[in-house]
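Data first, discussion second: the structure below is written as structure tokens.
Going in written order, the chains are labelled A, B, C, D, E and F, and every chain counts its residues from 1.
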Amino acid sequence: IPSLAARLKAGESVFSAWSSIPDSQTVELVAGLDFGAVTLDMQHGGHHEDSVLRGIGGIRLNGRHPLVRIPVGRFDMASRALDMGAEAVIAPMVNSLEDARAFASAMKYPPVGLRSWGPSFAMPRAGTTDGQTWLETANAGTVAFAMIETRQALTALDDILEVEGIDGVLVGPSDFSIAWSNGRTVDPALEDMMPAIATIAEKARAIGKHAAIYVVDPRLVGRFYAMGYRLFAMGSEAA
Amino acid sequence: IPSLAARLKAGESVFSAWSSIPDSQTVELVAGLDFGAVTLDMQHGGHHEDSVLRGIGGIRLNGRHPLVRIPVGRFDMASRALDMGAEAVIAPMVNSLEDARAFASAMKYPPVGLRSWGPSFAMPRAGTTDGQTWLETANAGTVAFAMIETRQALTALDDILEVEGIDGVLVGPSDFSIAWSNGRTVDPALEDMMPAIATIAEKARAIGKHAAIYVVDPRLVGRFYAMGYRLFAMGSEAA
Amino acid sequence: IPSLAARLKAGESVFSAWSSIPDSQTVELVAGLDFGAVTLDMQHGGHHEDSVLRGIGGIRLNGRHPLVRIPVGRFDMASRALDMGAEAVIAPMVNSLEDARAFASAMKYPPVGLRSWGPSFAMPRAGTTDGQTWLETANAGTVAFAMIETRQALTALDDILEVEGIDGVLVGPSDFSIAWSNGRTVDPALEDMMPAIATIAEKARAIGKHAAIYVVDPRLVGRFYAMGYRLFAMGSEAA
Amino acid sequence: IPSLAARLKAGESVFSAWSSIPDSQTVELVAGLDFGAVTLDMQHGGHHEDSVLRGIGGIRLNGRHPLVRIPVGRFDMASRALDMGAEAVIAPMVNSLEDARAFASAMKYPPVGLRSWGPSFAMPRAGTTDGQTWLETANAGTVAFAMIETRQALTALDDILEVEGIDGVLVGPSDFSIAWSNGRTVDPALEDMMPAIATIAEKARAIGKHAAIYVVDPRLVGRFYAMGYRLFAMGSEAA
Amino acid sequence: IPSLAARLKAGESVFSAWSSIPDSQTVELVAGLDFGAVTLDMQHGGHHEDSVLRGIGGIRLNGRHPLVRIPVGRFDMASRALDMGAEAVIAPMVNSLEDARAFASAMKYPPVGLRSWGPSFAMPRAGTTDGQTWLETANAGTVAFAMIETRQALTALDDILEVEGIDGVLVGPSDFSIAWSNGRTVDPALEDMMPAIATIAEKARAIGKHAAIYVVDPRLVGRFYAMGYRLFAMGSEAA
Amino acid sequence: IPSLAARLKAGESVFSAWSSIPDSQTVELVAGLDFGAVTLDMQHGGHHEDSVLRGIGGIRLNGRHPLVRIPVGRFDMASRALDMGAEAVIAPMVNSLEDARAFASAMKYPPVGLRSWGPSFAMPRAGTTDGQTWLETANAGTVAFAMIETRQALTALDDILEVEGIDGVLVGPSDFSIAWSNGRTVDPALEDMMPAIATIAEKARAIGKHAAIYVVDPRLVGRFYAMGYRLFAMGSEAA
């Protein structure tokens, strides 16, 4: 089966289930649902190092793409998620050029970044022992999504998008609505912010990068698709 | 039952048991003891993301207030502890204005801080589904304790106390004694440092913030109470 | 039995098994192999806070020295590993003087560093309750290894070695080969870089600090020994 | 809140959610659904001793009644489930008078049965330390459901119902359909067997015992209610 | 890929790795070795309900056949292992006709046995939702191995082999050597008992059932093959 | 250090701590208390296969003797506890000669019993690889305690004591008091039953077997000692 990176590059739409409960058997259940990918959430969900390592097994067993959302600023975990076999990592609150560079550095091997060598679980899970080929292909085969969910991030968007190693952006509409309303309201469908959300996808696509978004209300998928979004992270197993 | 924030605001004294073993059933046992709160220690205790998530369940089952002490500088975990249902977070080694601001930012939603939206476990555990109200009340309903336990922290105390989003200070007397003696002795009852400890409570109370302290010897509670301390974190289940 | 610090100080060679699977029973099995030490790897291996805490028990049960490699930049975990009973901590990607200082600060009590007091598991596991003696001896009894595995690190090597609290360096030859080849190849036996690797040991020994190295091919041990290396971290249980 | 035993005695209908995944956090999620009880399934679900112990905490936290279905013939586990705080135990494949007696013996203290003393978790979870009262009230306060799901069980039904300590029967319609069709079909709504299912409830009610049933298709609840069933175990979180 | 039952029916030789450590990630590592199957040992190994459930995932992820050896007399676990997705179950110490019947009953659906309906994990893991077909094919698609490892078992061998639902025998040569020497020696290669071991395979094959054996010394495989053995369980990950 | 069997044979008194919480780190904490042994309770405590396997490590790390109380009738677990490294097993509710024989059979290798070969964890934990010596010494080196805690057991006491492989009896005074009062009272210090409790020790000692007792009130130790008891199981960590 093609990789997530390949699918996104080919312009396919990908829907990801969302997993908050840190338990490999529950992840396997979620992975049995009819989604192409599963995101393990370490930021607001309960996932942690152990549940990510084990959860990725159940996701692959079901032929889905494993994604991991790391906690804020925990770029050490970006590298570790890749070593465990994640195909993509989502970093929340990438609010500045500096954040984006640190994230990209953890995601990509030299000379692009400073990701350290040691795909201890990823290589066996991919069924290969050829390290040299891994080194040569990993940077293109993994996807780094920077979350855009504050006014600062919007301001810095052009800079963030230009960072080599940032493969796409992912919009967090709940946080974005709080930012947009200066802390007054949380509403992932806030109409006021929709033009800004459209702009984010437009800019990302213009520079050849992916546009992704967290979707609380499935009826919005069509509208986001029209804006250029192609990866849709859908709700939570707890919902 | 009233929240920890409400109790402290009302001037009540709160005693917290201390939990070091990362196991939900052991936490439930500790929560069955006669304390009003239980602190899960991630700094020197063995608690981690999984044990905090599951441990909070057993604390709530016993009607106690759950507090979490995060590791040094791990402000991502401050937000996560709140998302898991903690009522308060204790940050160790808050030694500068910058530390205090970073901690407060992780603890409070905009416009006070940059806490990201996603109370995945906290809302269900509180029995509510009303996000808007949560957003409006969470900042006041959760408590951020900055630990004062070095000479640097003492020097920066006024600045730290003025940071919006820092709700109180918590004195770590063992580390403070090491600092006070320039590394020569560890003695949580070191007489020399008692005036400084009194000053900390005094300054906190003067600005309307909470004074808390870790208590190794229960006989000191009265003395600390007289200084203005109201939250007393008591020993460890390992003691 | 003598401590790891004592053995290294006495010039003994120490071989460490390498553990990647975060499970205490598997660690106990690895600890039963004929190595003097076991390293629990949190960077590329799957170890995490819980598996380190529990794994150290099985290492000690077999009379081996427990070492922990922390994730990149996670100096909070350096202190925690010591509190759990590790005898040494390996920090990857120490690429600058600033990195080295932050690592040393987390490893050593004042006045050398800012390690916070609370050896909750280490003291019982060492069979002592005498905190004052612990404070006085811990800095000398624990070993901080800074990993040298990039060109930046090589450039900063003299500065890194001079940091009080850094007890030795550990070379990561896979990453070093990637760096040496500017991202073109991964080869832990890359002949080109051997002179640089010899220099690292030479400089460390000259200033009275330990030289350690990760060894993928056991036949290289003799050559590294001749360079001055004395701690050899050997492969992985997954190999 | 009234106990499950009290509710059933009062003739109330109780709906139980069904839990198959052995993870306390997933159980807590299931317990948050709008059911009055949660059954932890050790027979066909993945629950085991540890997940039952920890799962019951999350069930109680949500104010639901905890039930446990034990594996076939594992009457040691019936007693243990009660010691952990279960309010009811469901024993599958109670096919003979001998089975029923062994089950009742494990469920009830002397002189009714031979349940051994040691409610280590049940008493603290119920908030009491009064053992004597516990001894005097536990037999009436816990509910033993014998599953009727084979032709042998139907034949032995009168004998089973007369066993002191058997508080009710629970029909397993899938197994019953396999039995009824001599292994040819599995169909929990098999029309042919409905009269037999009606008879089971009728006989149980006639002798003053509870009638319960596992419900795959919610539309059958009304029909089963009319037959006399009052406890309805509903599907699985995996469905 | 063909099932284990199909491979054995076709006369293929199957080599099984042996897993003793109850940890899903360690099982996944063992499953990555070059064996066609992995046996999870609950009798002398540390496997338990939870590790079997989760371990089977990692075995399937590597395209191996999952087998489970249950503890002595724990036929409830035979059914549960199948519900979790095991393709075969090995029952130790099947010493009598009665033992064999109880084991077969737990392994096969009516009318052959009394296995209860509920393949909660097996069906999703096999990628099907068609219960009726499952019912019709499961008895032929799963393999029940009765261990022959005592003099009593040898005496009862003909009776055991004739039990419908017993699909094969598996020789435990260590226990058999203890029995053969009346408790004087443990030697899985004891020459004296080899004729008896040859007889076991001969009788099993004569009645159309499988012959399997635990192999401590790989050099014996050829000899056992010549006797008619086709499933070879090889050592342990702890060896 | 001498084994538990050796200590008891030498007439030494042994005090055992009691562990109910199934968590290896909590067990290690209990093992750090000043007792010579630790009993892991699977009957009324929460211990299970996994926690026993891992808990024994922490007990040995502290130089204590590990004992395991199995659930009622779970003799498969008696063998498994020994394979995990327990030095003694306590079987509750041994009420008949048949119970005693089944227990002894699981505890002792042929020709005494039918314990199956496979000390997978016990041998490495004892630091040996010599199977033949293990076979020859294990029966004498492990201790089987049959619990006497009902009137039936008292009646069958002489028969139980004569079973080869039963090394001693352990009195459960709470259950015994319930039995003695025909279900009316639970009182581990019930004066009425004391003569019977004295008789149990007397008979055991007369035939050269060990007398052990669970002690709720430490003040009774002297009295029980005078009766001939030498192993005292003391309370619970939950007390």
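Simple rule for what comes next: a contact is a pair of C-beta atoms (placed from the backbone, for glycine too) under 8 Å apart; a residue touches a chain by one contact, two chains touch by 3 or more.
Since the structure is predicted, the reported quantities are computational estimates derived from the model, not experimental observations.
K.L.:
If you apply the touch rule, which chains end up adjacent to both chain A and chain D?
P.N.:
Both chain A and chain D are touched by B, E, going by the contact rule given at the top.
K.L.:
What's the minimum number of touch steps needed to get from chain B to chain F?
P.N.:
Tracing touching chains, the least step count from chain B to chain F comes to 1.
K.L.:
Go ahead and note the Å separation of the Cα centroids belonging to chain B and chain D.
P.N.:
Chain centroid spacing, chain B to chain D, equals 43 Å.
K.L.:
If you average the CA atoms of chain A and of chain C, how far apart do the two points sit, in angstrom?
P.N.:
Chain centroid spacing, chain A to chain C, equals 32 Å.
K.L.:
Just give me the whole-number Å value for how far the CA centre of chain A lies from that of chain F.
P.N.:
For chain A versus chain F, the centre distance works out to 54 Å.
K.L.:
Counting only residues that touch at least 2 other chains, which ones in chain A make the list?
P.N.:
22, 25, 29, 46, 48-50, 53, 124, 238
K.L.:
Based on which chains touch which, is the overall arrangement a line, ring, star, complete graph, or other?
P.N.:
Chain contacts: none of line, ring, star or complete; other.
K.L.:
Taking all chains into account, which pairs touch?
P.N.:
Going through each pair of chains, those in contact are A-B, A-C, A-D, A-E, B-C, B-D, B-F, C-E, C-F, D-E, D-F, E-F.
K.L.:
Report the residues of chain A in contact with chain C in the complex, numbered from low to high.
P.N.:
Touch residues, chain A against chain C: 48-50, 53, 75-77, 79-80, 83-84, 106, 109-112, 114, 116-121, 124, 131-132, 135.
K.L.:
Spell out the part of chain F that touches chain C in their complex, as residue ranges.
P.N.:
Residues of chain F touching chain C: 24-25, 28-29, 32, 53-54, 57-58, 60-61, 124-125.
K.L.:
Would you tell me which residues of chain F are touching chain B in their complex?
P.N.:
21-23, 25-26, 29, 46, 237-238
K.L.:
Tell me, which parts of chain F touch chain D in their complex?
P.N.:
Of all residues in chain F, those touching chain D are 20, 22, 41-46, 48-51, 71-74, 92-93, 95, 149-150, 172, 174-175, 178-179, 182-183, 185-186, 236, 238.
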